[in-house]
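First chain written, first letter: the chains are A, B and C, and each begins at residue 1.
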Amino acid sequence: MTEEIIIAGFGGQGVLSMGKILAYSGIMQDQEVSWMPSYGPEMRGGTANVTVILSDERISSPILRAYDTAIILNQQSMDKFEETVKSGGTLLYDPNGITRFPSRKDINIYKVEGAKKAAEMGNTKTFNMIVLGAYLKIKPIVKLENVVKGLKKSLPERHHKLIPLNEDAINLGMKSVETVQKI
Amino acid sequence: MSEISIKDIIKPENLVYQKTKLMTDKPLSYCPGCGHGTTHRLVMEVIEELGKENDTIGVAPVGCSVLAYEFMNVDMQEAAHGRAPALATAIKRLWPDKVVFTYQGDGDLAAIGTAETIHACNRGEKIVIVFINNGIYGMTGGQMAPTTLEGMKTSTTPYGRDAALMGHPLKITELVAQLPGTYYVTRQSVHTPSAVRKAKRAIKKAFQNQLNDAPGLSFIEVVSNCNSGWKMTPVDANHWMEENMFPFYPIGDIKVDGELVK
Amino acid sequence: MGELKLMKGNEALAEAIIRAGTDGYFGYPITPQSEVMEYLTAAKPWETTGMVVLQAESEVASINMLYGGGGTGKKVVTSSSSPGISLMQEGLSYIAGAEIPILIVNVVRGGPGLGDIQPAQSDYFQATKGGGHGDYRLIVLAPSSVQEMSDFVPMAYDLAFKYRMPAMILSDGAIGQMMEKVEFFEPIPRLTDEEVKARYPWATNGKPKGGERRILTSLDLDPSKMEQHNYDLQAKYRKIEENEVRFEQIQCDDAEYVIVAYGSSARISLKSVKLLREKGIKAGLLRPITLWPFPTKKIDALVKQGVKGFLSVEMSAGQMVEDVRLAVNGRVKVEHYGRLGGIIHSPEEVAEALEQKIIGE
C-alpha cells in the first residue's frame, strides 16, 4: 500500500500539523512515511501545503506532481491542485470559501463542512481534525487508535489534555463527510 | 696586561639579563626599533612568570606579526586576516582552563576584523587581545591603516590622510571600552625603558584577569612606531610618535576592573 | 533498536550533532536550516554532554571559530545554507591548508546571490572543487533522507579526523525541511581533554611538558616547502579517492540506462526509475554518497558492463554531470537534466528527460 496525499490551504488552518499527525499515525503502524512541506515566507494567512506519503515500502520521491488524494481547503489550492489528482483518485474539500467547485469527472469527490462544524464545536482549532476525520472515513488507511497514538507523539505533553477534544473532532468529521461524486 | 676572553665573561654569576625561554632563538624579522619584538617578549615573559607555558594557546594575525608563532614558544595557531578573536573565542570556550590570547595589528584588528573584535569584546570572551597600533600597514609596504592619523602620509595617502575623503582615524580601543564585555582596556607603548615596564605590568594584569576568571575581555593597545613605514630613523620615529600619535592616542588605562577610568 | 521519531532533516541533524560527541557548534541563522541552532539551543546540551553552542556574529566568524576550536583537537561543527557557505570559503581554505578536522553542513538553497530559500543543488562545484583559493578538497557526503542526516554526522567526523581535513555534509532545503522517521545511533561520549591530547598530538591545546610547541598554520613563505606541503595534501587526497568512495546502486545490474543523482534528486529519480521500468525501459539509479571522492570507477564499471547512456539529474544547470562525463570519457552518451533556482523536478519530468535526451530516436 502506498498513499500519496497533498493537503493544501491557508497557513494557520493546521495544514502542516494535520499532515504531521497523519505521518505519525503511519509510523505507529510500522509504515514508511514522509512529510514534505512547502516552506517559505508564507506564514499565517498565506498558502501552505504539505505532501504526506504513507507506504509499506521504502518511499522514493517525497516530492510529487500527482497524488492519490488531494485535501483542499481554499480556492487557491483548488486552482492549483485539482488537476494533480491521479485519475481515479480522491479529492476532499471544505466548501467554505470555495467559489469554483471541482469539475473533474474522473475522480471521486467528497466535501466536509470543516469550518462550519468547528465553529459549531466552539473551537475553530478543531478544524483540521474534522477534515482528517472526513479523510479517514473515505480512506481508512490508518486506524483511529494509531491516530490517537500519533497525536500523543506530535503534541507536546502540556497539550495532551486536548486529545479527547481532537478525537471528538475526528469522529465528527467522519460523520460529516458527504459524497459529491463517486466514479 | 692579561688577556680576558669572552669565555671568561660568560659565567652564570655575571648574568644580568637573559631572554625568556618562551622566545625562540629564531632572529626576529622585525625592523630595528619596531615595537613588535619588545611586545612579543613582554607577552612571553608574562606567560613564563605566570607559569603558564604549557597551558597557553596564542593566535597570530596577518600583518607584520603573521610569523609571531615563529618567535613565541607556546602552542600557536595562525588566523586569517582579522579573524583571530573568532578562533580565540572557540579555543577559550572549549578549553576554559587554558590561557588564550590573540596578537593583532591595526589593519587586522580595526579594519578587516572589526566585526570579530567588537563581538568578541561584546560577548565578554575571557581572552586577552594584544593590539599593536602603528598607524600603518607595515607588511604590505606602508598603506593607510584605520588608525592612520589625519594628514599622515602613507603609500595610499601620498598627500596625507584627508578625513573628508578617507575617513577618520579609528579609536577602536576607546570604542571597545564602551562595551560591557570588556573588563580591562588600556593603551601602552614600548619606546622607553619606563614605558616597557609599564606595558609589562599592564600585560601581566590582563593575563592575571584571565587566570582569575574575571568577567570579561582584557584589551591592551600598544602604540608603536613603524619607522620604515613612516620613512624615519627609529629615534626620529619615536619622537614623531610622542608628538603626533600620543596626543590622539593617549597612553594610560581606559577601563579597569570593568569600570571606565574617569 | 532505538525509538523511531518523526523529525525534520534539520532537527535530526541537530540531534545527531549532540549524540556524536560534538564539543562545539558555532553558527549563524539562515533559512532553510535555522532549525539546527534552534534545536540545539532548546536542547541545552551544555547541561548534559557539556557541548558548547554559540551563535556567532557572522558565518565568517563561525567558520573561524571552527578553525580555532578544531585546531585544539575538539569536535566542532557549523551549519549554514548557500550564501552563508560562500562567506565561509576563506576559512575553509585555511582549515584545509592547516589540515584541521571540522564538520560543515550546507543545506543548499537556490542561487546565485541571495537567490531564494527553496531547495537546490547548485553548490556542487563549490563543495567538490573547492570554493576557496588553493588546491584543496573537502570530503563531501550527500544525505538523501532524514535518516542519513543523522547517520552521516558520526561518519563525517570519523573521516575528518582520520584524514585531518574538513568534511562537508551537502544537503538541501528539501531534505532539511522534510520529515521522515529516524532512528538514532547510540550517543557517543565526548572525549575528555586528556583523551583529546593523547589522540591528537598535532592539536594546539597547550605545549606538552618537556615537549615542542605545536603550530597550526597554512602559511609557508618558502615556495619549495609550500610545494611539498601541496604534494603531501595531494597524496592524502589520492588515498581518500582510493579508499573512501561510497555510493548506492539500485537496479543497475541489468540496467541499460543509468540515472546518476544524489540527495533529494536521487529520491525523485528513484521514482523515475520505477516509472521507466513500468514502461519496460531498463533504468537504474547510481546514487553517489560521497560526492568527493566521486564514484568514478563505479561509472567506468557500468560503462564496461554495457550501460548505453547516463543522465545526471541535479537541481542545477549541470555540475555533477562534468564528473560523470570525465568518468565515462566519451564512450557513451551523458546528458544532464535538472530544474533551477529552487524548483524541484518531478519524477515524471526526469523519466521523460531520460527517454528524450538519452534514449532519443
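Structural remarks
Simple rule for what comes next: a contact is a pair of C-beta atoms (placed from the backbone, for glycine too) under 8 Å apart; a residue touches a chain by one contact, two chains touch by 3 or more.
Note that the coordinates shown come from a computational prediction; the quantities given were computed from them, not determined experimentally.
Of all chains in the assembly, none touches chain A and also chain C. Chain centres defined as mean CA positions place C nearest to the mean of all protein CA atoms. Inter-chain centre distance (chain A to chain C, centres taken as mean C-alpha positions): 35 Å. We define each chain's centre as the mean of its Cα atoms; on that basis chain A and chain B are separated by 65 Å. Each chain gets one centre point, the mean of its Cα atoms, and the points for chain B and chain C are 40 Å apart.
Of all residues in chain A, none touches 2 or more other chains.
Of all residues in chain C, those touching chain A in their complex are 4, 6, 32, 117-118, 173-174, 177-181, 264, 267-272, 274, 344, 346-349.
Touching chain C in their complex are the following residues of chain A: 20, 23-24, 27, 32-37, 39-41, 59-66, 153-154.
On chain B, the positions that touch chain C within their shared complex are 53-57, 59-60, 66-67, 69, 73-80, 83, 86-91, 93-95, 98, 115-116, 118-119. Of all the residues in chain C, the ones that touch chain B in their complex are 23-24, 26, 52, 54, 56-58, 60-62, 64-69, 71-72, 74, 76, 90-91, 94, 98, 193, 204-209, 213-219.
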